[in-house]
Amino acid sequence: MDSAAFIAATRYCRRKVVTRHLDAMEFRHAIPQGSLVELVAQVTHTGRTSMRVLVNLYREDMYSDERELACTGTFTLVALDDAGQPVAVPALNTAEERALAPHR
Amino acid sequence: MDSAAFIAATRYCRRKVVTRHLDAMEFRHAIPQGSLVELVAQVTHTGRTSMRVLVNLYREDMYSDERELACTGTFTLVALDDAGQPVAVPALNTAEERALAPHR
Amino acid sequence: MDSAAFIAATRYCRRKVVTRHLDAMEFRHAIPQGSLVELVAQVTHTGRTSMRVLVNLYREDMYSDERELACTGTFTLVALDDAGQPVAVPALNTAEERALAPHR
Amino acid sequence: MDSAAFIAATRYCRRKVVTRHLDAMEFRHAIPQGSLVELVAQVTHTGRTSMRVLVNLYREDMYSDERELACTGTFTLVALDDAGQPVAVPALNTAEERALAPHR
Amino acid sequence: MDSAAFIAATRYCRRKVVTRHLDAMEFRHAIPQGSLVELVAQVTHTGRTSMRVLVNLYREDMYSDERELACTGTFTLVALDDAGQPVAVPALNTAEERALAPHR
Amino acid sequence: MDSAAFIAATRYCRRKVVTRHLDAMEFRHAIPQGSLVELVAQVTHTGRTSMRVLVNLYREDMYSDERELACTGTFTLVALDDAGQPVAVPALNTAEERALAPHR
């Protein structure tokens, strides 16, 4: 899930990013062997140099249409310039943020 | 790319599947280290027991918006029943196939 | 860090265990390539069927004595019987728990 | 199989090589878990800057002498100089090529 | 190197095998990154239920013909029947053994 | 086990180290799948530029307190300076060595 957060944040700001914080996580369902796993990551909020990324992990049976949200994590990552110092990221459009609000 | 084809075919028929054929592939661009890679796989055609899956591999710079189709592969997979014998798969809707025609 | 928590909890109760919860985590220091990493995991508190495990990740230079606590995580795991149902774990001795209190 | 092609081509020309083309492949036999797999790769034809490499994958039971050719692939790789430009490779001896002709 | 010894012994007796002993090993040359590595393993001696396997590790430059024996190991493996008990292996032909004698 | 030896030697001398020799090893017990494995490595003797490291591998059942020494190895590693030449390591205190004597 941290890889998915890393890719989403990198794509958002096109900068080197590091993870600074991970919110508490609940593991709702175990993931049996032989499951398909889908990770969906999305930047849901931005600060001046930080991005909050919501990662949903869906578990899916290989041989049925059963599918469920198994786990949700919220990561905070910071963008760094070439000298390793925090650097500003583009602000997320307010309308976009409002649409994503339930996730915040 | 074979994993992406495997997942797309499994999801399509919810059966055990095996790869039978891979069409010739052209590697248009090398993939430098430190690239993001995105695989997009789609069932584009079905026979009685077989599925043709198109896999596109996109390469993307981590730190710019540069992105390109680096490689395209077409896999044919067959669905198997519990005894390991080929088994019928749902036919792909003709309208869907027509929409996907340029890929065939 | 989840592997370290898993091993500590398994050793404590000698049962199958699953992770149910991960407390919020702060990543204090990045971990440069070529570091040694040491994980120290300890059961610090028990419920009827659950164990709380504190995991400290220390980062250490390979070629100097520099060493620091890079990250701390607290995992809650539940013991399961053969039918996959939560099962009681031995209570942690109160004196032991008191000694571990600052970690709780 | 691409690794085997890569090693055979590298050894042939002692240059950096990249894969440009993979001929269509037939997967004749599935490879059950617990099989031994042997890859045999051979440069069978050369162009000015390219090498054609035939890769045969044999599957072998661990606990019997059963062994079969499971899959055959033909890769085309190009040699590159230090600037990343295609560079001439030694010509394969014609007599050698004739001996390898059935594979071409 | 233990994998190579395992495969050579499995192929020799077509039985489940376990490693029992590894002779002292000298590491003559370090193996720089970007080397090709070739492992050659051969059963050189048999006891009633055991096989001695010589494994030679050759290191080879990718971009020159430089090649050297970097390391040699001698493993003793025992064949097991389905109950996990040592089981007789075919005797190595004496003439074969004599030919391999310098390795013993 | 070589990784454990590498870490113990690196921590002892805080230098680049390479393995030069491995003493003969006896594999007393097989390690069934689903075991926990604990590696304990300790510098037991020093030469001018070399360190002898004893590595004990303990195997432990996941679901019982059964635990046993499965394998013991003794590695000799040499410290290297930045030019790749052997370089002196701190001498191990004689009292310490005496205490470790049974391992030598």
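In this document, chain identifiers A, B, C, D, E and F correspond to the written order of the chains, with residue numbering beginning at 1 in each.
As a working rule, a residue touches a chain if its C-beta (ideal position, glycine included) is under 8 Å from a C-beta of that chain, and two chains touch if they have at least 3 such contacts.
Owing to the predicted nature of the structure, the values given are computational and were not obtained by experimental measurement.
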Tell me which chains count as touching both chain B and chain E.
-> D
Taking each chain's centre as the mean of its CA atoms, which one is farthest from the centre of chain A?
-> E
For chain C, which other chain has the most distant CA centre?
-> D
Taking each chain's centre as the mean of its CA atoms, how far is chain A from chain B in angstrom?
-> 26
Chain centre separation (chain C, chain D; CA means) in Å = 48
Between chain D and chain F, what is the separation of their C-alpha centroids in Å?
-> 41
Hey, how would you classify the chain contact layout here, line, ring, star, complete or other?
-> ring
Around the ring from chain B, first stepping to chain D: the sequence of chains is B, D, E, F, C, A
Under the touch definition given earlier, write down the residues of chain F that touch chain E in their complex.
-> 18-27, 30
What residues on chain D touch chain E, complex-wise?
-> 7, 10-11, 14-16, 36, 60-65
